[in-house]
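Next, two complexes with chain A in common: one pairs it with chain B, the other with chain C.
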Partner chain A sequence: MNKAEQALRELHEMDALAAGDSPLHRLCPLAKFLFTAAYIAAVVSFGRYDLARLAPLLLMAALLYQLAGIPVGKCFHKLRFVLPLVLAVGLFNPLLDRAPMLTLGGVVISGGVVSMLTMMAKGTLCLMASFLLMATTRVDALCAGLRRLRVPGFLLSLLLLTYRYVGVMTEEVAVMTDAYALRAPGQRGVAFRAWGSFLGQLLLRSMDRAEELYAAMLLRGYREEFPYAEAAPCAARDAAFLSVGAALLLLLRFVNVSALLGGLLMR
Partner chain B sequence: MIEFDNVSFAYEPGRPVLRKLSFRIGDGEAVGLIGANGAGKSTVMKVLLGLLPCEGRVLVDGAAVKWDTLREIRRKLGFVLQNSDHQMFMPTVLEDMTFGPLNYGATRAEAEARADAALARLGISELKRRHNHKLSGGEKRMAAIATILAMEPEAILMDEPTAALDPRNRRLVINVIRSLTQTKLVASHDLDMILDTCSRVLLLSGGTLAADGAAETVLRDRALLEAHRMELPLRLQ
Partner chain C sequence: MHMADALLAPATAAAMYAASSVTAGISAHQLKKDDEPQKLPVMAVTSALVFAGQMINYTIPGTGSSGHLCGGMLLSALLGPQAGFLSMIVILTIQCLFFADGGLMALGANIWNMAFYGCFVGYYLIWRPILRGKGGLSTRARIILASILGCVVTLQLGAFSVVLETTLSGVTELPFGAFCALMQPIHLAIGLVEGAVTAAVLVFVYESRPALLRDVDGAGEGRRSLRATVAVLAVTAALVGGGLSLLASADPDGLEWALFGNEEAGYAANMGLDEERFGIESAAADRAAAIQESTSFLPDYAFADSDSAAGTTVSGLVGSAMVAGAAAAICLAGGFFRRKKNP
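Coming up: the complex of A and B.
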């Protein structure tokens, strides 16, 4: 299986994950979206040295993954290409901020190291939250939820079409890569000199295919907006989830729970 | 129901694909559209569905195919594309099947009921919740036909419906086409299938109509078929 096929398989896996059934899957998409937005806002609002205060948020995310029946490892596996970029943020902080901040087992740790770790943790938590939203909510259901927030229909159609088009394009890459590999024995990947024609052909082929798909949509009455998945109206349990979630986030943001628990343990 | 009146079309200036093509298809007729590669079969379908602009007149139930009639015409004409991967663009079979009815104003319950009826009619109800990318070629073709049936069209157009199918799936699709009561226009190189499913044949060659007659007559005419780069159906050879 070539890399493009692997990518396609992973894309389909996301659809399969989102079609699962768990308490989290059953929540209304709008509630999940709002909670995720609040969670990300809470995470990024912490100061650059507040590393310890992010721990309860990590715990919260892990709990939600459990609730959704999705192993946390799956998230890290799927995001393995993005995570290094997130982790690279703040890599230079230890060089810029050398003021000692704490001593751990006799080792002096500078503010730069703490702020670097904090940024890494924040990035990872935000990715985890976004992944969980995507893994428990189908894209069209999410769009239906966003439509209720009065996000313009054309933007949502664009989002849905892009999501579908990524799959179409990846399929074309997979077919072309196989065809290339069969006639280029011993080569790893596509040779540099063939990149131009490969990309050109890819563009033409995927445009042809996109045109056919668009025709198929037009012939079945498509007019600017997708008929989104029927989003279940937000029920009492969604309101409860959102209220409890928001209360917890407020608590974690304004009360130093890590310090309190640490103090209790020390006592 | 369908009328082409002096229809011409060219993808490039000076290289017409259809040349003053005229024919009529009545309600309930089953018509096979045959011709060699490049004869213009798919173009006829696309012109009929308003996907390509043309010279001349194309009428569906007396209404000319033009911008303001397209929506109604496309509701009446269901088109099964040659490549089912192009037809099935939603994640699951059910979503694909409800896409059309929902766009035409059906409620979700109505759309799902229509999908259920179409799936049951083709005997593929077990595909309802399946993901499109997990279907085999034969299953995908049947699902694509079901997708069009869920639109409850008055006529069904099919472009190479048996292409790339194994013998069993080909037979299944032929049986399905035979069982459809709507007006049918089937474009194909599979002349045995055309013989099985259509009572009338239009033979296209160089963008014009080389023959229009009973399937049994046209498809037995070796000289006519060979003159237009075709062969007798296998069973008649």
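Coming up: the complex of A and C.
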């Protein structure tokens, strides 16, 4: 599978997930966005050795995934973007911070190992949260929500339009690459002679289409900004979701639930 | 260079968000004053083009590593710094939201590291002075010089910001100097490659339609149609996407290379990841070795007075294991019921 197809598949998958229906899908996008931001802020605000305290947040995320009807495993292939830089920074911790922190069954675990694992866990949890947001929210609904946060309308229109162009262009690149490969068996990549014409023709077509699309937008009354007709107003349940979620996050942030539970068990 | 959320402390992330938001607000305001609604589709298509270009890895000759097109210089040379900055924001947002490339909370920092330097520093301090400067150079040579210099400088600034933000967030044990020594040379190489790509594209645009480029003689002469813009962008895309895809490789990008190293070239040893082969001398390796020695000769350091501390840590671990187990059980149960509902 070529890279464009891969990207396209990921885009389609997100679209398909976001078009689903669940209690979480039906929540107002703004509430979901604010909760996601709070969740990520809570995750990253934990100390560098607070690995154990992240577990309740994992439980929270797992519950929300079940509520949305989305298998947790879906988000993990996106870790390939998240983990390299986290590892690049974190891998040195076990080498440089070798002060022993605790012994587990006779094995001494150093602070560096704990801090590296904490960093990786934080990266994974943040990914889970933002993936869930995008898997339960359509992009136009999210933009409508962001508009209410006073994000400039021009920027959001640009985002929506670019998102559309990305889909169109990536799809055609994927098809053309396949067609080219079938007609040029055993050849790696596009031949020098076809460098210019290969993607150039595609872009000409896409831009022609874009120009027509823009004209059509104008004819349908587009003025500087997309009208968000289906922007769902935030209802009481959205406020309830947000306040309960925020209260839970505060509780988990300031009370060491893991240690309390473990203490109960070990007494 | 996309940072993940885990690399930033909330305060650092918030500060970077504030800086990027203010810059975006000013840019949007200035664009609004220009009042060119037809610029929106051109910006969108150019953004999509740079997005496509960033899916291609460019092999850096001789290292087995590869980099990406940064796009900031390209966009600001074509659209101007303000429009380029907003386009970069959109690209980075799409990468963040749909591909998890860069964290949601780190988006402000990523915008600053990649878009701000590329668009504003690259344009006002490098592109415009070089293109408008007096001297014997041909415009072609100026474009090449400005592109390469711009990409190298803006990438160095971006890499330095990553180091600075990560160190300020206190997530790494790596000393500031060693981290810099790790990041800057790699991004120098990446910057040279990106500069070459950008230069090739911009020279082509100059030769086919100079009016498209900022600060180039003939800019602003005549009213250019959207269709003409399209044609030039088409060729640009061809160069970026189609042309250089021969160079594209499945090699890991510079950061992964810095981390995991290139075994054949002995870089893993250089980074001190492989204790057996501490071959190449560097300040980082020396320091790591020194710390290793000093700590490994004190094996009973841990057991002196940390019993109670270890006790609480263990109970924390047990509790968290329980909670994590519950999370896993919930996922399994959810999957079971989903399968039952729609077999």
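Note that in this section the second predicted complex is superposed on the first by the 213 of 267 C-alpha atoms of A that agree within 3 Å, B and C clash if a C-alpha of one lies under 4 Å from a C-alpha of the other, contacts with A are read in each partner's own complex, and residues count from 1 in each chain.
Operating definition for what follows: a contact is a pair of C-beta atoms (placed from the backbone, for glycine too) under 8 Å apart; a residue touches a chain by one contact, two chains touch by 3 or more.
Treat the numbers as computed from the prediction; the structure is a model and nothing was measured.
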| item | value |
| --- | --- |
| Partner chain(s) touched by A:A216 [first = chain B, second = chain C, both, neither] | first |
| Which superposed partner A:T136 touches (first chain B, second chain C, both, neither) | neither |
| Touched partner set for A:S115, first chain B, second chain C, both or neither | second |
| Of chain B and chain C, the chain that contacts the larger number of chain A residues | C |
| First (chain B), second (chain C), both or neither touched by A:A16 | first |
| Partner chain in contact with A:A4 - chain B first, chain C second, else both or neither | second |
| Footprint overlap on chain A, comparing chain B with chain C | 164, 213 |
| Parts of chain C lying in touch with chain A, wherever the complex brings them together | 2-10, 13, 24-25, 28, 31-32, 37-38, 40-41, 43-45, 47-49, 51-52, 55-56, 86-87, 89-91, 93-94, 96-105, 166, 170-174, 179, 226-227, 230-231, 233-235, 237-243, 245-246, 248, 252-253, 255-256, 258-259, 272-273, 287-288, 291-292, 295-296, 301-303, 306, 309-310, 312-324, 326-328, 330-331, 333-335, 338 |
| Complex contacts: residues of chain A adjacent to chain B | 12, 15-16, 19, 138, 140, 164, 171, 209, 212-213, 215-223, 227, 229-230 |
| Residues on chain A engaged by chain C in the complex (per definition of touch) | 3-4, 7, 10-11, 14, 36-37, 40-41, 43-45, 48, 51-56, 58-59, 61-63, 65-66, 69, 71-72, 75, 78-79, 81-93, 95-104, 108, 112, 115, 119-120, 122-123, 126-127, 129-131, 133-134, 139, 142, 152, 154-155, 157-159, 161-166, 169-170, 173, 188-190, 192, 194-204, 206-208, 210-211, 213-214, 224, 256-263, 265-266 |
| Chain B residues touching chain A - in the complex, by the definition given at the top | 46, 49, 51, 71, 74-75, 77-79, 81, 83, 85-87, 89, 91-92, 95, 98-100, 102-104, 108, 131, 133-134, 147, 151 |
